[in-house]
Structure formats: structure tokens, C-alpha cells
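First subunit A sits with subunit B, and in the next complex the same chain sits with subunit C.
Moving on to the complex of A and B:
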């Protein structure tokens, strides 16, 4: 799973650097994000989907598991750059109810 | 169109694309069926079905049978698994996962909620000793805490996007999971 991790102010930005995010990547993605949250004591994170054009429900489950962990540390994950198919998955799985969604990176960073 | 795929070949096979092309070429776009939306929904459904096969089959082969009737496509996936794992919503612990039809006598209620995201639920109806029928029910919007939010969405996606979602255990101990959806 190709992820690019950077920091802006106190916000960790994780860019998914592949076109598909599926069951094959979900376990590794979850482990990496949980490791970042636990070892880095992170509470402010953005997941950038700008380069992703397909995600399946298993990957969405990994995203929710990550959100549950960071909120237990009083943090939050926000999501950025959802293409139409990814937005459709957020609607089908109702993830829009628990994730704040942004189109613009700076707006996402400033929202914390 | 009937295709059998070895479990180890489910990744990387072009069967998913073959099924998708066959469904789309039989669809009739109209005022209530948008082509782009239909393509996206069929792609999501097929991917979820393949993912389910990879996760749940215990045997070596999955057979996909695609037929068309009236205004719908009907896609049946037959596998040689152990049955259907049913986990009632809001009940925790591994002992609350039932295997249908093996545990059907333990499933006292005929209708079981197996998914709830505060806005919609998936209800499993135990039709008889070998059949489960799933449907989506609108229940919300209700507030749901993040730590209670579901992490598995397959049945919710199937029931939202399809007109019929049925599981059946056959007399020869195979599992058949069938989706039906209007495309005309």
C-alpha cells in the first residue's frame, strides 16, 4: 500500500498513492494508520483520496476502524478529495455521517 | 452465462469485467435508469460479490450464473462453503455468530437485524430451513455513536442497490447467493 505521509502545522496528511483501495490493501492500511496514531500520539489526521478512483467496502471498514481508534484518543480524521465513485461509497456506507469531507486541502487543515 | 473460477484466480481474473459488460450490454437506459450510475452500481456489486467469495468460501471454486429475466439481471454465485454466517446487530462476542442453516433452531426470531447505521438497517428474514431473504429498511436518521458504527457493509450495499438479495443452502450442501436488479 503506497502512502505519502506529511505534516502541516500539527495535522498529519496521509495521501493514498494508488488508484484502487480494496480488500487487498485494507489490512496494511489499517495497521499503518493505527501505528501512526499510537506511536505518534496523533490526534489530527487527514486522509487524501485524490488519487483513488475505486474503493471497496472492506477498505471503508478499515477507515472506520482507524476513526474509532483516533476518536478514543480524542482526535479526528477528516477526508479529502473524493472522486465520484468514492463519494458513492461514502454515501452507500453512510460514512459521510461520521467523517467530515473536504474538497480543498487547506480548508481541511484549517478545520482542526 | 455461467463461469466457474478457482478461488486463487478470483484476484486478477477478467470474469468481473465479462459479467459487467454482459449486464451493461443488456441494460436499457431510460429516464429512471442513468447509464453512468448503473455502470458504477454494477461495478460495486460485482466487486463486493467477488470480495465475499474470497472471504467466505471454504471450497476451491465459485460459479457465477448470470441470467436475464423481464426487466432484471439475476446473478447467482454458488460456492461450496459451510453456510451463511449471521451476526445479529448490537450483540457482541464470537458466540453470537450463527451459521445458517446449521444453527437455525438457535435463531428464535424469524426476522433478525444484521446491520444498522442509524439511517438504514438490513433485515434478514428466515424464509424456511434453507433460505434467507435480506432487505433494507429505512429507520432513521438516528444518531449513532462512532464506536457503534458498523465496519462491514456488504449486505447493506447489496440490499440498497438490488431489488432482491437471497441466500439458499442447496440439498447438495452448496451455498447460492443471488442478486437481482432492474436494468430496464
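Moving on to the complex of A and C:
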């Protein structure tokens, strides 16, 4: 799973550098993110989907598992740059009620 | 100039119309209120629009998408929690890098925004509020101005005799981006109650723009009614733009097919939308608005009513003085009732394409054929299993389990009554527990952590042979009988036993922030997500059965279910919206799901 990780004002930004985020990568993604949260004691994270045009339900499960972990540090994960099919999924399944969604990176960073 | 259209309202006062439709998507003369606002923006050359959404955001997003078809660029700010009017803009501050107008998504107006902008610029105003003169301002926000129209104070719903002015705030503002610096970050904030009084206090250049243009909103059911009826009565000629006048004051979209005998005796004003079929000898007495895709059968009678999209009125049925709600979008079968004014029974008519019908037909018959051969093939093995169960413990061979798909929704009100029938099915599965298991489930609840989607480890109620049957996934094989009967499909959502379904409905599903038990408030509420499963169709094989069975956590199962439920309900034509998942509701997707699940069961991956 190709991820690009950077920091901006104590906010960790994880960019998914793949077109598809699915079952095949979900486990690895989850482990990487959980490890990041654990070792860095992170509380502020943005996951950037700008380059992704399909994410499946297993991947969403991994995302929720990550949120679960960061919540135990009293932190939050926000999502950025959802393309239309992914946005549709967040809307339809009510995932938007647990993840705050942004279009603009600066707005997302400012929201913490 | 850019625009912010505030569209996040819940529309509670418009229930039940807003049960499946967000308030800004409610029609005014057959077009969503929001579309009239988008058109207004376009007419005044405003091309970049942001909308904030909260309640049923997919309905707005799906309709407008990126705005391309409406000649504008639309982007959305989907809110996790409501941020208030000014807070909603602050949240997406980066978008507003130039002068912008703020409009209400549920308002109806033909205000001259170009003129208002000119006025705003001429006064070098930082914020301009559109105001209108009314005789009785007691139910509005009153704006008090000096002789140069500079705003000096506000009054919220003053008594008529105490009102210092007759100018009321229309909720239409033109604002300079630097004003946003006054809005605090990450907290709900309101224009009327917080930002504007602050601007007055700081003596900022802040003006009122007086207009006598049309202005209405659809706050409650009566407003919704009045706005629609006045629209169809000819006050806004642009509403009849794409229609053809069939008879005096009777207009219809050219794609609708209306029988001659019906047109001849129709009494206007009547407005009919796209793709409607109105058969012979229907009595129509206006004012009436009929939406798109409506089918009205012979000899029906309609008077003084609004019939919303995709509904049907059956033969000989009368609809008077009613608002008939849009079809429950996800299901157009006749297995639930929609009752308006009690005595008038209406049923929705599926307006499906040939492809969709074909798809459904293929799936239904594949289900039946596979189920038939499966039962035939399994007959002898079933006999052995039956004998083993009988020998192992006392009790019947089969266990009858009532499963709930859709809970009943019961809403009663003064003028309306809606009732979605409960959809449940009785499953016959091989008994894997001792005969008294059901009565012991409550004792177990205290002993083990329980809730929806939680299997009890080493359940003491399971018999010896039961354990084997469960592990080998044999216990559920008699469900092929339900599939043959048409109660369920091979592919669909696993039906929850009634107690689990009720648990999910009443208590919801909350997941604690893991590991750290000390963090008490660390809890993620996924109730709404988990309840989406009730929109799906019932089936044997689904996402989570094919992806690891009971190894999954409660939330992983909930996500699989909710994604599957919403994706199977997708309409065929609109599929590009959902990316790869769109194929899921097709016959190909159905076959793929069967193979994946079959493969998974063969590997016995994580069963039990």
C-alpha cells in the first residue's frame, strides 16, 4: 500500500497514493495507521483520498478501526479530497456522521 | 461573485414530507426548491457555488453532482454536525476568496442579485442584508436602519407595537471575505444572532438592501402547500417554461401521455411533470401539481392536491386535498402502504427500465433454479442430518426463526398517515441448540457481552452436533427453501433475528475507543450507519460472509451490511455515480458475489 506521510502543524497527513483502496490493501493500511498512531501517540490525522477513485467496504472497515484507535487517544481522523464515488459512499452509508470531510487541505488542518 | 447556499436544515416541521427528502429538495412546481435558487445564481452570472449538507446529503449530491448539467460549478460541504449559518462558511473558508452571496436552499425568491451587488459595492459595504417591507414584522427578524440604510440594530420577532421598523431580514446576504475573520473557528456560529450584532457593535460598513421581490420559504407543510399552489396559479411564468398547454390552464411536459378523455374534462390550474401516464376518464380538478413519473389509472379522481414524483394512483381511487409523498426511493414494490388522509389508499408504481426488469428477472430465476437443484441434491444428506439431530438431543429437527428486515415505521399526524409494513421472514434452519435455548438467551445476555452482531463464544446452548453443523455451515442450508419460495435471494443482507434487530433500532451500535478503558467519552456512534442495513434486500450471501465471516468485528460487519444494502438498491441507470460498486446491483455482480461466497464457505474460513 503506497502511502505518503507528512506533518503540518502537529497534524499528520496520510496521502493514499493508489487509485483503488480495497480488501487487498486494507489489512496493511490498518496496521500501518495503527502503528503510526501508537508510536507517535498521535491525536490529529488527515487521510487524503484525492488520488483514490474507488474504496470498498473492507477498506472502510480499516478506516473505522483507525478512528477507533485514535479516539482512545482523544484524537480524531478527518478525511480529505473524496472523489465522487467515495463521497457517495460516505453519504449513503452515513460514514459522514463519524468522519469529518473536507475538500481543502488548509481547511482540514485548521479544523483541529 | 461566489455563492453559499445553506442547505443543511432538517426540515422537522415538514415531516413526513422530509422523511426521505431533504427540505431543499422538496419540489416547488415540480423542481426542487434548491434548483430554483441555483437557476437564480446562474441568471446573475454566479457560477461557483458551495452548498452545505447534513440531512440526506446524497439526495442533493446525486441530483446536482458537480453542477455541470445546470451550467454552474457546485461543490459540497458535508457536515458531521451542524455548524450554524456562519460556522458552515467558516468551515470551508478557503472557498470564499472573493465577495459572496449567502442564500437559503429552501427559499423561493426572484431577487435581483446583480442590483444588490451593485448596491453593496457602491456603499463599500462589508456585508449587505436584503430586507423587505412587511405590515406585521412580528414573526420575523427585524432590521433597523438609519436614513442612509446603514444597519444600526436588530430585533428578533418583536411584538407588532414594539417593532422599531417594518423591514425584515430575508436571509440573503452579500459578504466580503474579510468578514470571516470575525467568525471563530471550530464552533457553531450564526449570522443573525452572533455575527451581525457584532458588526453593528464594531460599527462596520453594514447596509440593508431594500427589495420588493418575491420571497417565500417552505418552513412548514402549509408554506409548502401555499408556495406550490401560488406557483401553479400562474404567479411565476418561468415554471411553465418546458411545458405545453393542453387546454386552458392545463400544462404538461411533452413527454407525458395523457388520455384525451381526461384532458377534455380537466379543470385548471394543473401542472404535470415528465413521463407521466394519465389514463382514460380521470377527473382532474385544479389546483393540482403532478410530479414526474406518476401513473394515474382509469376513473381515478384528483382534486386540489400535490402528487409528488414516482407515485401511482390506482383505478377508481379518489385523492382530494392531499399532498401525496414521493415514493420511498429504494423500493417500489407494492409491499408497503402509503396512506394519505386514511381512506385514500395509494400505491407506488415502479417506473423501471427494461434493463432493470431483465436484471431482476434473471436474478429471481437464477435464485429459484439454484435453490431447486440445491434442495434436490441435499435431500439425502438432509435426512442424515435430521436423524443425527434427533439422536443428539430432544426437540424438533428444524428451528423456526423469525427474522426482521424492515421494521415498521408508524407516523401519524393530523393530515397524514404513513405506515411501512414490517418485512420479516420465517427461516427454517436445522436446530443447533437445545430446545430451551430461546428462553435462555436473556440469562446469557447478563453473562456475556451481547448486542447485535456478537456471537457468544462457546455458547453452552449449542448441542454437540449443532457445533459441527455450524462449523460446516450446514445448519443454514435449509434456507434454500426460503429462496425457492421467493422470501429472499441468494445474494443479500443477512436477516437479523428479531431481538437483534430491535436492539439495533432501540439502542443502536456504539463502539468504544479500543484498548484504553479509561477514556470514557471515547465512543463512536455508528448507529445510523448500522441501521442502513434495513434498506437492503434479504439474502444468504453477502459482503461479510464472503470476507471472513465471524472473524469480523461488529463495526466491520455493520459497514459491510450498510454498503451492501445501499449498493443493491442502486438504480441501474444512475450507476456511474457510485464507481465500481454500481456493478454490484447487476446480474454480473450477483453472480460474482455467489462465487466469492461459495469459495469462502468451501475454505470454511472463520466459520463459527
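Here is the rule we go by: the second predicted complex is superposed on the first by the 112 of 112 C-alpha atoms of A that agree within 3 Å, B and C clash if a C-alpha of one lies under 4 Å from a C-alpha of the other, contacts with A are read in each partner's own complex, and residues count from 1 in each chain.
Simple rule for what comes next: a residue touches a chain if its C-beta (ideal position, glycine included) is under 8 Å from a C-beta of that chain, and two chains touch if they have at least 3 such contacts.
Please read all numbers here as calculations on a predicted model, not as lab measurements.
A.B. asks: Which partner, subunit B or subunit C, touches the larger number of subunit A residues?
C.D. replies: Higher number of touched subunit A residues: C.
A.B. asks: I'd like to know which partner A:24 touches here: subunit B for first, subunit C for second, both or neither.
C.D. replies: It touches subunit B, and subunit C stays clear.
A.B. asks: A:72 in the overlay: touching subunit B, subunit C, both, or neither? Say first, second, both or neither.
C.D. replies: A:72 sits against subunit B and subunit C alike.
A.B. asks: Give one of first, second, both or neither to describe whether A:57 is in contact with subunit B, with subunit C, with both, or with none.
C.D. replies: both
A.B. asks: If we overlay the two complexes on their shared chain A, which of subunit B and subunit C does A:8 touch? Say first, second, both or neither.
C.D. replies: neither
A.B. asks: When the two structures are overlaid on chain A, which partner does A:96 contact: first (subunit B), second (subunit C), both, or neither?
C.D. replies: second
A.B. asks: Would you mind listing the overlap between the subunit B footprint and the subunit C footprint on subunit A?
C.D. replies: Correct list for subunit A: 23, 54, 56-58, 60-61, 64-65, 67-68, 71-72, 84-85, 88-89, 92-94, 97-98.
A.B. asks: With touch defined as at the start, can you tell me which subunit A residues reach subunit C in the complex?
C.D. replies: 23, 53-54, 56-58, 60-61, 64-65, 67-69, 71-74, 83-104, 106-107, 110-112
A.B. asks: Under the definition above, what is the set of subunit C residues touching subunit A in their complex?
C.D. replies: Touching subunit A from subunit C are residues 57-58, 61-62, 65-66, 75-80, 91-95, 185-186, 511, 513-516, 519, 522-526, 528-529, 532, 543, 547, 552-553, 555-556, 559-560, 562-564, 566, 577-581.
A.B. asks: Spell out the part of subunit B that touches subunit A in their complex, as residue ranges.
C.D. replies: 11, 40, 43-44, 47-48, 51, 54-55, 117-120, 144, 146-147, 149-154, 156-157, 160-161
A.B. asks: Within the complex, which stretch of subunit A touches subunit B?
C.D. replies: Going by the criterion above, the answer is residues 22-24, 54, 56-58, 60-61, 64-65, 67-68, 71-72, 84-85, 88-89, 92-94, 97-98.
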